[in-house]
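Below are two complexes that have chain A in common, paired first with chain B and then with chain C.
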Partner chain A sequence: MDLDYAFMLKYAPHFAGAALTALRLAFWGIAFSCLLGLACCLFRFYRTPALGRIAGAYIELSRNTPLLVQLFFLYFGLPKAGIFLEAEQCAVLGLSFLGGGYMAEAFRSGFEAVSRVQIEAGLSLGLGRAQLVARVILPQAFAVAVPALAANVIFLIKETSIFSVLALEDPTFLAKDLIGMYYNTSEALLLLVLTYLAVLLPLSLFLNRLEKRVRHAEFGR
Partner chain B sequence: MKSAIIFKRALAAVAVLAGAVLLLAAPAPAQAASFDSLDAIKARGSVRIGVFSDKPPFGFVDSQGRNQGYDVFFARRIARDLFGDENKVEFVLVEAASRVEFLQSNKVDIILANFTVTPDRAQKVDFAKPYMKVALGVVSPATAKITDVAQLKGKKLIVNKGTTAELYFTEKHPEISLLKYDQNTEAFNALKDRRGAALAHDNTLLFAWSRENPGFVAGIEFLGSLDAIAPAVAKGNASLLNWLNDEIVKLGKERFFHQAYDATLKPVYGDDIDPESVVTEGGDID
Partner chain C sequence: MNAPLLDIAGLRKTYGEREVLRGLSLRVRKGEVLVVVGPSGCGKSTLLRCINGLESIQGGRIRFHGADIAAAGTDWRAVRQRIGMVFQSYDLFPHMTVLGNIMLGPLKAQKRGRKEAQAQAEALLERIGLLDRKDAYPRELSGGQKQRVAIARALCMNPDLMLFDEVTASLDPEMVREVLDVMLELARRGMTMVIVTHEMAFARAVADNVIFMDGGVIVEEARPEEFFERPSTERGRKFLDTFIFTPTHNEKEIES
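What follows is the complex of A and B.
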């Protein structure tokens, strides 16, 4: 197959722009999912009345529905109920909703790995609940949870590929758009793969290093 | 040590990709025809035709799950004339932007998804004689009616990806920002939710849609050039192309496309629209 290199060169900057759009939305989505996930995890860990249950239900709901359906609900469903959200708001909200459940489970793996002995030792020293979380549980839980959290970050960035249903210009949207207009399928798809690789490969390497560092601090090796 | 492994893995990923790129970039050896000829289709016993699922009254799926519409009416006739049975057709539902791919990857034999003939498309697929005429139109809320393209400046215009409307506004009016959707249903829903000031599409579709959706009017009824809609086959599939051309000429003699119009479009258009502005017989377009 002969590739149209002029076409690829012409549209490469467009793909870079689209990748930035996706990354910007992913950044906010991931930031909110981390906060949401941590909050849910704490509610569940301490079996907070009502909130603990709600968090549990939310985690199941978010992890067992596809992002596409969540986005359709936010974008096409809510306006029928009189709530109008812009496409970017829907994107960040949808990603946070989905990511929150996954992040909560990742944090849970960390929390559960902290041994009872550590918590009891903290309590016997007279630490309050907040001190116990901040100084004993979180530092250890975080170190254990980092691989799972990092996997979620990559996963959520890849999920931005369906933002095109909201008419947002992410790389997948751009590729499908170019194919639809000019029919340079191989070129557009190749640029698409390269774009995701250029974004995700360095990030993946960085997260791997981060993981090593954090765990090094914990286990001393 | 672990980081060395990670690095190796990353390197392997890059190497695999580089290999794939080389494969793609290598000049293709004379590859086997990526389509089924007329004889192969006849031997198979059914014809695969790509139609729309969400473009009433041209191609859509009714409440019983059956394919219906002007294009589908023609598709069933093709099956009847090929196999003596109008049910010997396998409908494949396509999106506007994926019509060329379906032919190129030999997932369908014929595209009958309201496919407007354009020079870009004619480079990638072979069009038979036309069976319909079309131009572009713009539909907008009656309360904020758009009657001129100049009114769209600084506003958002909704289009469907891979349609002639998208290409027209991308090339002729880059100053208008476009909201692009994959599916007609999504695009029209977005208009109903007022995500854009107006929606541009084939005028034949907009006439039908605005009649069924009071509150919206086709403020611009004719835009761009009068184009032809024709069946498309994979590039080089001459046996099938010739058969289709003969078929369209033959059907013109019995005024088949006027029958198709009466059966599928007239119930929607009523008497407001002159059938001669939509239908063409025997592949003649003026």
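What follows is the complex of A and C.
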């Protein structure tokens, strides 16, 4: 296969820039996903009136609709209701909406793993509910949930490829753009694959090590 | 020896249709050790769990320091800081070191100073012979060591009353003694305790009073030497018989 290496070298920095855009948006989307997911999980776990049910409905809605449809709704649907959002705002909001449901389920697996007697042991020490959650339940739940949370992080970063429909300059958008302009399909797609690998492989390895360390902490040295 | 520290009257606890505690009354004075024995499922553990509010009750009253803690509006956080509880399954917090486990309550629930709390925690560890393990995680300890740490964790709150829920039941036999010794020493120091146990020899050694429960009621209440030597009820006698083994090999030899 003949590849135009000069073309690839020329556009590699563009892909790096696009990757940074995607990562920046992913960072905020993932951060909000975690907060939203944790909140939903707490509402559901402690059967908070009304909020617990709303969280349950939200989790099903977010996990059972594609991100593409969610973004279309935010970008093309909301303006019809008079709400205009920037493309980047839509991207972060959409990713948070999708990720929140997945993160809530990941946290749930952790919360369910904390035994009832652990909670009773905490109560017996006179801890309040907030202290109990922060000191006894969350650290243990988090350790159990880390593999699922890490898988969600990878999944959500890959989902940023859909941001291209909002005309945001992420790697996928850039590749489509280059193919449209120069017809260098092979080069552009190869660069695209390499870009995602360059981002996700190190992250994946890092998360693997994090998982091991958290497990370690739980089980003692 | 005036007003009782713990005064329970007419305690009733039901799970749906099933009545687990059927009108139970008892008193424990300061410095007394009450041992509760009885067959599995007689409600002994439930009784302990009612005393520190882990179970709601359906009738009766529980007076602690003269106040009815079974009444609505009880500040359980405050009550639990004065009642220590040790569980059968130890339930140390696995993500904390031994010292972290012991200091959690004093630091967070009681808002005490770190220095002072740590000094007391270390003194307690010294007393139970585990000071050198203060930075270990629960996973690295044996069952007996874990249970001793769990006792220290409860003691570091400076409780007025300690509840022990079959604390040696899941231990290997060779580790039972080290835990019971800690409890005996506590009794000698004048700690008020309610102990649920199946260790009859220990019960006899540590108890000021013994309660024998069956079917959610107190069948017998006596001094340990009375109950263990001359149980006054048929049910009590039968229960104690289950702990006695009479040699049978001689009879077998005769048969063969």
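Simple rule for what comes next: the second predicted complex is superposed on the first by the 220 of 221 C-alpha atoms of A that agree within 3 Å, B and C clash if a C-alpha of one lies under 4 Å from a C-alpha of the other, contacts with A are read in each partner's own complex, and residues count from 1 in each chain.
Just so it is clear, a residue touches a chain if its C-beta (ideal position, glycine included) is under 8 Å from a C-beta of that chain, and two chains touch if they have at least 3 such contacts.
Note that the coordinates shown come from a computational prediction; the quantities given were computed from them, not determined experimentally.
Participant: Do chain B and chain C fit side by side on chain A in the superposed arrangement, or is it a clash?
Facilitator: Aligned on chain A, chain B and chain C fit with no clash.
Participant: Quick check on the superposed pair: does A:Tyr182 touch chain B, chain C, both, or neither? Answer first, second, both or neither.
Facilitator: In the superposed model, A:Tyr182 contacts chain B only, not chain C.
Participant: Tell me which partner A:Asp2 touches in the superposition: chain B (first), chain C (second), both or neither.
Facilitator: first
Participant: Between chain B and chain C, whom does A:Ser124 touch in the aligned arrangement: first, second, both, or neither?
Facilitator: Only chain C is touched by A:Ser124; chain B is not.
Participant: Touching A:Phe76, do we find chain B (first), chain C (second), both, or neither?
Facilitator: After superposition on chain A, A:Phe76 lies in contact with chain B alone.
Participant: Which holds for A:Pro49: it touches chain B only (first), chain C only (second), both, or neither?
Facilitator: So A:Pro49 meets neither chain B nor chain C here.
Participant: Given the touch rule stated above, what does A:Arg135 touch, chain B (first), chain C (second), both, or neither?
Facilitator: Only chain C is touched by A:Arg135; chain B is not.
Participant: Is A:Val165 in contact with chain B, with chain C, with both, or with neither (first, second, both, neither)?
Facilitator: Touch partner of A:Val165: chain B, not chain C.
Participant: Between chain B and chain C, what opening angle does the Cα centre of chain A see in the overlaid model, nearest 10 degrees?
Facilitator: Value: 160 degrees, nearest 10.
Participant: Compare chain B and chain C by how many residues of chain A each one touches, and report the one with more.
Facilitator: Per-residue touch count on chain A favours B.
Participant: In the superposed arrangement, does A:Pro13 touch chain B (first), chain C (second), both or neither?
Facilitator: In the superposition, A:Pro13 touches no partner, neither chain B nor chain C.
Participant: For the superposed arrangement, tell me the lowest C-alpha distance between chain B and chain C in Å.
Facilitator: So the smallest C-alpha to C-alpha spacing between these two chains is 20 Å.
Participant: Once the two structures are fitted together, what part of chain A is touched by chain B and by chain C alike?
Facilitator: None.
Participant: Can you list the chain A residues touching chain B in their complex?
Facilitator: 1-3, 76, 79, 84, 87, 164-165, 167, 173, 176-177, 179-183, 185-186, 190, 193-194, 197, 201, 204-205, 208-209, 212
Participant: Touching chain C in the complex: which residues of chain A?
Facilitator: 115, 117-118, 120-128, 131, 135-136, 139-140, 143, 217-221
Participant: Can you name the residues of chain B that touch chain A in the complex?
Facilitator: For this pair, the touching residues of chain B are 2-3, 6-7, 10, 13-14, 17, 21, 24-28, 96-98, 100-101, 104, 120-121, 123-124, 161-163, 166-167, 170, 179-182, 186, 189-190, 193, 195.
Participant: Mind listing the chain C positions that touch chain A in their complex?
Facilitator: Within the complex, chain C contacts chain A at residues 52-54, 76-81, 83-85, 87, 89, 91-95, 104-105, 108-110, 136-140, 153-154, 157.
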